[in-house]
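There are two complexes below, and they share chain A, which is joined by chain B in the first and by chain C in the second.
Presenting the complex of A and B:
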């Protein structure tokens, strides 16, 4: 499955568990803090993706990085997966 | 019951007592310790899973947690029990000992909580119990750094309880008083006798007493208990 699709599916799953109401459309420019997912929800998204993809790019990074948009978020996972292979 | 509990510092003393009681209560137990003791080998026959780990190696903790989740599944609870307590005045305590103590007693439980909390978030249910000490509040000559680490653990627990409460996860501390364990060996003799005499119950708390408090916090009955410290000291600090 394409990475972006996997992230979107994880996002939907986590939003349901965390009882968060997401904005109708999420595109690459959507600011994460305005997407409807709260900070605990993001922690859950990272946890869900760690189970699905086997990586946690934020722990692997030497410095703290906080993606601003959904596009930034996908890009971080894409880079981490590229480094893994 | 198929609830997985991860216990650190499980090879002896309170950690071992917690593992014994958890197994008796039907939990699935993963015991972390640097070395495997005879007592742990015996508990393995009762179903305990042992994983060798040196928690002072902080860089390895993310990988350790990931491996634990892969091997055993999402944990229900984490018991942060592993700790060291160097006895000595601060003015002459070597910096490496201060660093080592703070790494194991506070950084390791924070990192283990961080990584093992994630699957609990996905389950919307979980328990974290941090083993503190009455020394976090009373103080003790020669244990200032140890006391600092335990007070830090209590502060950490209160804030984390607020952070994850809405995900159905409770975070609490158990603060045992002086117990007859390897850690209090340096207090043998007059000091322990004097603590016993001053205690309202006329005795020391035992590792089993403190372990029972941990089991309570893991139970369904403790669902509404979070962000608190349960003192088990035979009344010493009353």
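Presenting the complex of A and C:
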């Protein structure tokens, strides 16, 4: 499955569990802190993706940056997966 | 010397509080004295202070420390008070002085009263309780210098919490400037911090990560970076150090209960193992065989903690630590208390709520390490055979939301066939890799309470 699609599915799942009302459209420019996902929801998203993808780019800070937008977030996972392989 | 006298003696000619309105130190002192003159009947009383806004809170503590017998700093949650108190801001009419029954001199000369400060802590049991502190013990960690006097602090937590009060006292007693940034989301707060030219922040590692996510943290001219309330990890310390190479970067360890704390300033996680042999900041350190950290500070802790003192006067902090080369690193709470972004979660409380659901037969709640919030709550559950696992998670969450706060909710449920009950000793719950322990609770044990 395409990475972005996997992340979007994880996001939908987590938003439901965390009871977060997300903004209608999420694109690469959506600011994560304004997406409707709270800090607990964001932590759950990273935990869910660790299960789905087997990596947590923030645990060892392979990439020393925190994502501001949804596009940044995808790009961090893309880079981390590339480093893994 | 009380807080007001300390500020009068220091005679700072600068702004003490910044925000929509700015207040100088001289204004705050005058307003505090006015409060004493206006309400002479408050002298020697016990006061319960609620936080409404920073300006009024500061005036109140300036007026009441050294004037009233006891100051209770009311937390967000309700907690019974052990004695009759007067609420501040007033909830009923307090007699005001008809004439000048209290002279300015007597309002000033109140050196006789050493007020007891009471802060609420959830402690180790999960039941909130009041712990007393002297003003001296609260301000022991305050640093003063020409450099720290220039700092502009963001108050990120209500001052009824230990973390907030420490920042407030540091700012006031060092002659710095303080701005209330304790409300709003990270995005709103960073905006306010930029407007207020904040250059000193003390916050949990989780909140620092949120500030980093705004992408605007680098715009702040940070000179002081303090991490506390959770275990500070090396990747975060490294990232902050690289963004602000000239800032003073430290992480603090503090126990509200014990009223002790220390700062680690070498930008490395944990603390130097050499402190186990050489006292640091007047505190003596030792580890026991169960890997508990014991501390001995010059001021004895609240009398209610006597049972946790050993014969030499060391207090069991009940924090688990591990010696790793030249460092001692923190692992979490021995009791298994989960720390979600600085908020304590007691697994037993979550287990009790889960067991009230008809589908749950047994449960064990524990922490999973999170790179975002430090730890997250996870629950292993044994369910009845007729349970539809697909809809169970949302049902359980709906059930838990009625009684628990968002950070207490399990973020994941693992349906398991059984929970092991044959563990011999008390095992920590602090990591997801911890094997199942005898902590798990079942309906058999709790049926009296729940059925």
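Throughout what follows, the second predicted complex is superposed on the first by the 82 of 85 C-alpha atoms of A that agree within 3 Å, B and C clash if a C-alpha of one lies under 4 Å from a C-alpha of the other, contacts with A are read in each partner's own complex, and residues count from 1 in each chain.
As a convention for this text, contacts are C-beta pairs under 8 Å (C-beta built on N, C-alpha and C of every residue); 3 or more make two chains touch, one makes a residue touch a chain.
From a predicted model like this one, the values you see are computed outputs, not experimental measurements.
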Just to be sure I read the superposition right, which of the two partners does A:32 touch: chain B = first, chain C = second, or both, or neither? second
Tell me the contact category for A:40 with respect to chain B and chain C: first, second, both or neither. both
Have a look and say if chain B or chain C is in touch with more residues of chain A. C
Considering only touches as defined above, state whether A:59 meets chain B (first), chain C (second), both or neither. both
Touch check for A:23: first (chain B), second (chain C), both, or neither? neither
Do any residues of chain A touch both chain B and chain C, and if so, which are they? 17-18, 40, 43-44, 46-47, 56, 59
Flag every residue of chain C that touches chain A in the complex, lowest number first. 185-187, 206, 209-210, 212-215, 235-236, 238-239, 242, 340-341, 368-373, 376, 393-394, 397, 401, 406-407, 411-412
Seen from chain A, its contact residues with chain C in the complex are 16-19, 31-34, 38-40, 42-44, 46-47, 56, 58-61, 64, 66-68
Taking the complex as given, what residues does chain B use to touch chain A? 62, 66, 69, 115, 117-119, 121-122, 124, 163-164, 166-167
Chain A residues within the chain B interface of the complex: 14, 17-18, 40, 43-44, 46-48, 50-51, 56, 59
